[in-house]
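Which chain is which? They are A, B, C, D and E, in the order written, and residues in each are numbered from 1.
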Amino acid sequence: MIIALYRILFLAAFLAIWEVASNAFDAGFFISRPSLVAASFLTMIANGSFFYNLSITATEAALGFLFGAIFGVGVGLLLGRLKVLADILDPFLITFYSLPKVALAPLFILWFGIGIDMKVILAAVTVFFLVFLNTYTGVRSVSPEQIAILRLMGAGERALIAKVIVPSALTWVFTGLRLSVPYALIGAIVGEIIAANRGIGYVLSDAAAQFDTAAVFAALIGIVVLSLIFNGIVRFAERALMPWKAGEDTREISI
Amino acid sequence: MIIALYRILFLAAFLAIWEVASNAFDAGFFISRPSLVAASFLTMIANGSFFYNLSITATEAALGFLFGAIFGVGVGLLLGRLKVLADILDPFLITFYSLPKVALAPLFILWFGIGIDMKVILAAVTVFFLVFLNTYTGVRSVSPEQIAILRLMGAGERALIAKVIVPSALTWVFTGLRLSVPYALIGAIVGEIIAANRGIGYVLSDAAAQFDTAAVFAALIGIVVLSLIFNGIVRFAERALMPWKAGEDTREISI
Amino acid sequence: EAPARLTIAQPSEGFLYLPIYAARGLGYVQDEGLDVEVTIFGKGAAAALTSVIGGESDIYVGLPAVPLQAWAKGQKTQLFAALLKQCGSDIVLSAEAARRTRLSERRTPAEKAEALRGLKIAVAGAGSITDLVVRHVAIHGGLDPDRDLTIIPIGGGGNMIAAFGQGRVDGYCLSAPTSTIGVVKFGGTLLLDFAKGEYPPLRDFLFTALSARPEWLAANRGVAVRLVRALGRAIETMRTRPEAARAAIGPFYPGVEPAVLDAAWTQAMGSLPTSLDMDAGGIVKNIDFLAEVRSARLDVPVAEVFTNAIVNLAAAPSTRHQEPAREAGRKE
Amino acid sequence: MDDARTILAFSEVRKSFGSGANALPIVGGVTFDVARGEFITLLGPSGCGKSTLLNMSAGLMQPTSGSVSYDGAPVRGVNLDVGYMTQADHLLPWRTIAGNIAVPLEIKGLAKAERAVRIEQLLTLVGLERFGAHYPSQVSGGMRKRAALARLLAADPATLLMDEPFSALDAQLRLTMQGELLRLCARLRKTVLFVTHDLDEAITLADRCVVLGARPTTIRRIVPIDLPRPRDPVRLRTNPRYQALYAELWDLLAEPSTTAPQALDAPSAVRMTGAFA
Amino acid sequence: MDDARTILAFSEVRKSFGSGANALPIVGGVTFDVARGEFITLLGPSGCGKSTLLNMSAGLMQPTSGSVSYDGAPVRGVNLDVGYMTQADHLLPWRTIAGNIAVPLEIKGLAKAERAVRIEQLLTLVGLERFGAHYPSQVSGGMRKRAALARLLAADPATLLMDEPFSALDAQLRLTMQGELLRLCARLRKTVLFVTHDLDEAITLADRCVVLGARPTTIRRIVPIDLPRPRDPVRLRTNPRYQALYAELWDLLAEPSTTAPQALDAPSAVRMTGAFA
């Protein structure tokens, strides 16, 4: 409650400063102003273009997130368990991760076209590494004692993963997932900027090309809202999958 | 040893496949071929443009990484300790993080110009959140028992942070740092693509515009090498700051 | 009959693609039974052309120098219609820079070009059209583009205006309406008025053209012809009924003040092509242009890189759409 | 009760965990005072709330009702006058044994050289001279407990809360450590609240022994240990008064709970039948 | 030695930790055999290597020299025939107590309903009926140990390695649990290697008691416990043979190490002087 109140205060202050600054410095051309952004936003909603484009980007980002997350967790688990393989592949993964995707735009176009696949793959690639490295570190941080205990009970690799490694690395995995939510969106949007004729990234670059700053900010609102929604979903999943953390903040600790 | 051998084998296989595929599919225009890339690379080194541009990008990325890391760790510690503040700021941080920097390029130029500052800030902003969220999660994962124990010994907030929170969250912090090494570079390069007439990002987009694929890949090699060097530095720091993890992989566990 | 689908790869947005906007805005594309999808490639012409080479898009629209470079590297796409035969990227200098360089006192193109000395000029991207144009002008003025002035690739129009408005650059090079904004809103001056042919080396320069893979052209001749016919009709309307065409452009630029758009429009009217066909001269100028700014000459067979077959077919009388056919024919 | 000598006072302390219908009452009304310099041992069945009482004394938990006062004032927040050796050792895994012992010394602001001397003394005291440079994961369970003991003593608090500190030590070492502790308390007049499951230990060390019942826990009896000091742990065992006390405590603990028999932890023979199918 | 009845054989087992100049010899040559169905208790000073011997029997460590054989073959890798209740409880914090006990049952592939029944029995056996739904962080130290015991019994291994399993339990519960364990072993002929610091426990349970010396550890003596079974833990204490055994073990443990006096953990009176400055 009190938190929501502060948030609202914070938001209101931000908007007020924006509006005032925009007027004071006559910077409307560059930073627009909240009232204009709101108007532009409502127009976009009214003519349906907002939800149409947003849904496209949301689909791309969600698919990219899903694939990236699945591969990230999968490869993270695999390499976390096979340290030697991880050591061998390490420089190649860093290499792969370090390549600026923007610079590879022509290759992406060539291999994956300019349709939805390209954006999904771009988003997935971006998500992959964030999830992978966090999962990997999580798996490497699992207490070797707990693994030994389970081994002694006759646990095979599958039981180990299901009963110790995944639960123990879950905080790590979810941090990776939360880190990558915005990157899934950014990946999709970069894809749309590279080549698009629809999607919120297209709206964004189109508006920018026409110097329609209010529309740029309206599109940004869309992106942020998507991001917050995705984030909420990830948090929900996190809470559902880690019941033992429920109430941890309020629980009295005994030592 | 054996690992280095496998890495070399892996690299050799990759290069061989690249060379063969490039010939077989007559795809030199799109993917060039290792021999041409090497030639282009040597030319760049010979005429000095490689190291000149690389050093510019390296400086930008390093500064950006430094600032982003310092703020990321700082804010992560602060919010990790002040849960209420973190809850209030949470949606704003996500908002801030979710904004695609590419779309905000005009604002970046408006506020930070087109010099090195802009690239440093872009890199720092990208690094910040990755480091922040990992640090934050790390601080929140510190065992409350250990905090209570230290409290009972009369530890104030400073002693707590120095003796429990930082050492305990260090794995998290370093994962954040390793995650953000490539992003520091990518941030600097995106900055250079936005506005620059030097730096490896400039070399990259110039080469791409001329369909000089070999030069594009040569520039990418530079980026990757930088990334591997930065990564090595971070790993070194990680090992130096966590002596208790030394030999953990080879240590016999007693349970 | 379902409309034929057609995808166009367009590297950026601006008045150098004016006939495309007009043909879409006036509904001529639909009249020809085409369903055109325009994809904007925010990362430049190379990416746009790559999508055509890779078969993802059908037609590239933009500077012919880009497909020529690709041709020289073995990736053949053929130019088949001209949309702009003047340099469409303007160099805008700030009032302060114009004063400092005494631009108003300079007379010949070479003198004016020399005014770039010591200035910081923003261009779209490294190796982009605008980069090349500024380099070409600088060389014409006897300058070394890498030493005597600072050329900064800065991305799109928004970035340029932001940097220009803040005085972070002395000038920039881009097509209308970005160039017009600098003039109208920020008191800038055009270094050279390309539209009026003030710069001889780029007079009758093939600046915007359509290009596609020869196989695609062979297989989709009818579709290409219909597109060219719609574009010809649009150019005709722009010339004969400018206010109608102007009205059709408006919706593409909702964020630009009408006054600015009007000014841009007026300037653009001066550089409308009289016909969509090409000649070797326009191509050679592109090759010369590239040779001058990059110290290497493209090795391409000039006669093969373009074809007027489509334009000619579009000009021929046809049963459907009598009127556009007649108009195109008149241009012959 | 509000005697000037009283340092720690439990007054009608009740404690439940969980809330609403899930609330599980653990401590069901405990009242007793600890005098300054007194050595109290706490005995009681596993899970009856001994650690919980210590946690409340340290200010890590608040009682659900009633109050815990220290030095006249109710304990709110962390009680900085007490040192707490917890049931689990809670050593910091990123510090060596010596580094762990250094923590309270660093907090107190001792100079480096002084710290080194003190750490050396403490390591010797608990018999870990050769293991100062080992990490906690590299020493045995008993050694970890001794390191935690050394850390407690390094903090040098006025009141010691000790939760089964010697349970992981062998019999000989346990006696040595008991002797050390007794000497220390005698010299420095420390107040001690000491949880143990070992009756010998409970008698040897205590001025009074508090015997707790099963959940919801109340005090069964407070047994004053009227044996002369100084005491020799080994020789004491042949003392008839000692043996009588031992028997009394044993019976107290063995007596089935009168208040809530169903909450008794010890499984009855009936319930156990067939457990190993 | 290579008797068919031998299930676990230590032969000249030596173990050092660390390498090169830093190598610290812990176990200095231990040889003894455990017969199938035998109950062995291990006694020895803290840090002498008792847990290390269990770790080697479980295959979690390899001896530096010598060999540990199980059922005729040297132990390599994890020994799946043994169940190991470790000194620390190592419960999985993300599973409730019941969930923790379920782990070995899940691994064995028991159906859900069967599991529930078995878990219920085991919870009852260790007196945790009401705490199945609690997380390990919500129960007391002794209850955690009992949960670990229930988990060990759920796995139902042929050989049990138990490292101070009852040290955190109160005296009464300890006796109950000892009785349970004895009955279980008698019925199912389990082999047990049991580490304890409690001499009463060591005698009550064992067929033979292995007394270890200080580091580098060798066997001081293997004491056969020739008391008739079934044994009643409480009544046993008045048995004179029991008392003689107790005295023998006590003396064995108290006797100063002849091999390496400087490696003795117990602090000498001299060294301790002045530790509390």
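Criterion: contacts are C-beta pairs under 8 Å (C-beta built on N, C-alpha and C of every residue); 3 or more make two chains touch, one makes a residue touch a chain.
Chain-to-protein mapping (UniProt): A, B = NitT/TauT family transport system permease protein; D, E = NitT/TauT family transport system ATP-binding protein.
Since the structure is predicted, the reported quantities are computational estimates derived from the model, not experimental observations.
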Separate pieces, if any, that appear once chain C is removed in thought: one piece
Given chain C and chain D, the chains that contact each of them: A, B
Chain whose average C-alpha position is farthest from chain D's own: C
Equivalent-chain rotation between chain E and chain D, CA atoms, steps of 5 degrees: 180
Between chain C and chain A, distance of the C-alpha-averaged centres to the nearest whole Å: 38
Chain centre separation (chain B, chain D; CA means) in Å: 50
Chain D-chain E separation of Cα centroids, rounded to whole Å: 25
Whole-Å gap between the CA centroids of chain C and chain E: 85
Chain D: positions in contact with at least two other chains: 17, 51, 60, 84, 86-88, 90, 138, 140
Sites on chain B at which at least two other chains make contact: 30, 106-107, 110, 145, 148-149, 193, 205, 208, 253-255
In chain C, residues with contacts to at least two other chains: 46-47, 50, 53, 156, 158, 161-162, 165
Interchain contacts (touch definition) - all pairs: A-B, A-C, A-D, A-E, B-C, B-D, B-E, D-E
Parts of chain A lying in touch with chain B, wherever the complex brings them together: 3, 6-7, 10-11, 14, 30-31, 83-84, 87-89, 91-92, 94-95, 97-100, 102-103, 105-107, 110, 129-130, 133-134, 137, 141, 144-145, 148-149, 171-172, 175, 178-179, 181-182, 185-186, 189-190, 193, 201, 204-205, 208, 216, 219-220, 223-224, 226-228, 231, 249, 253, 255
Chain E-facing residues of chain B, complex: 252-255
Sites on chain A touched by chain E in the complex: 145-146, 148-155, 159, 163-164, 167-168, 170, 242, 244, 251, 253-254
In the complex with chain B, residue positions of chain C that touch it: 44-47, 50, 53, 69-70, 73-75, 122, 125-128, 131, 150-156, 158-159, 161-163, 165-166, 168-169, 294
Chain E - residues contacting chain D, complex: 17, 24, 43-47, 50-51, 87-88, 118, 121-122, 124-128, 130, 138-143, 146, 153, 163-164, 167-174, 176, 180, 184, 187-188, 197-199, 250, 253-254, 263-267, 271-272, 274-277
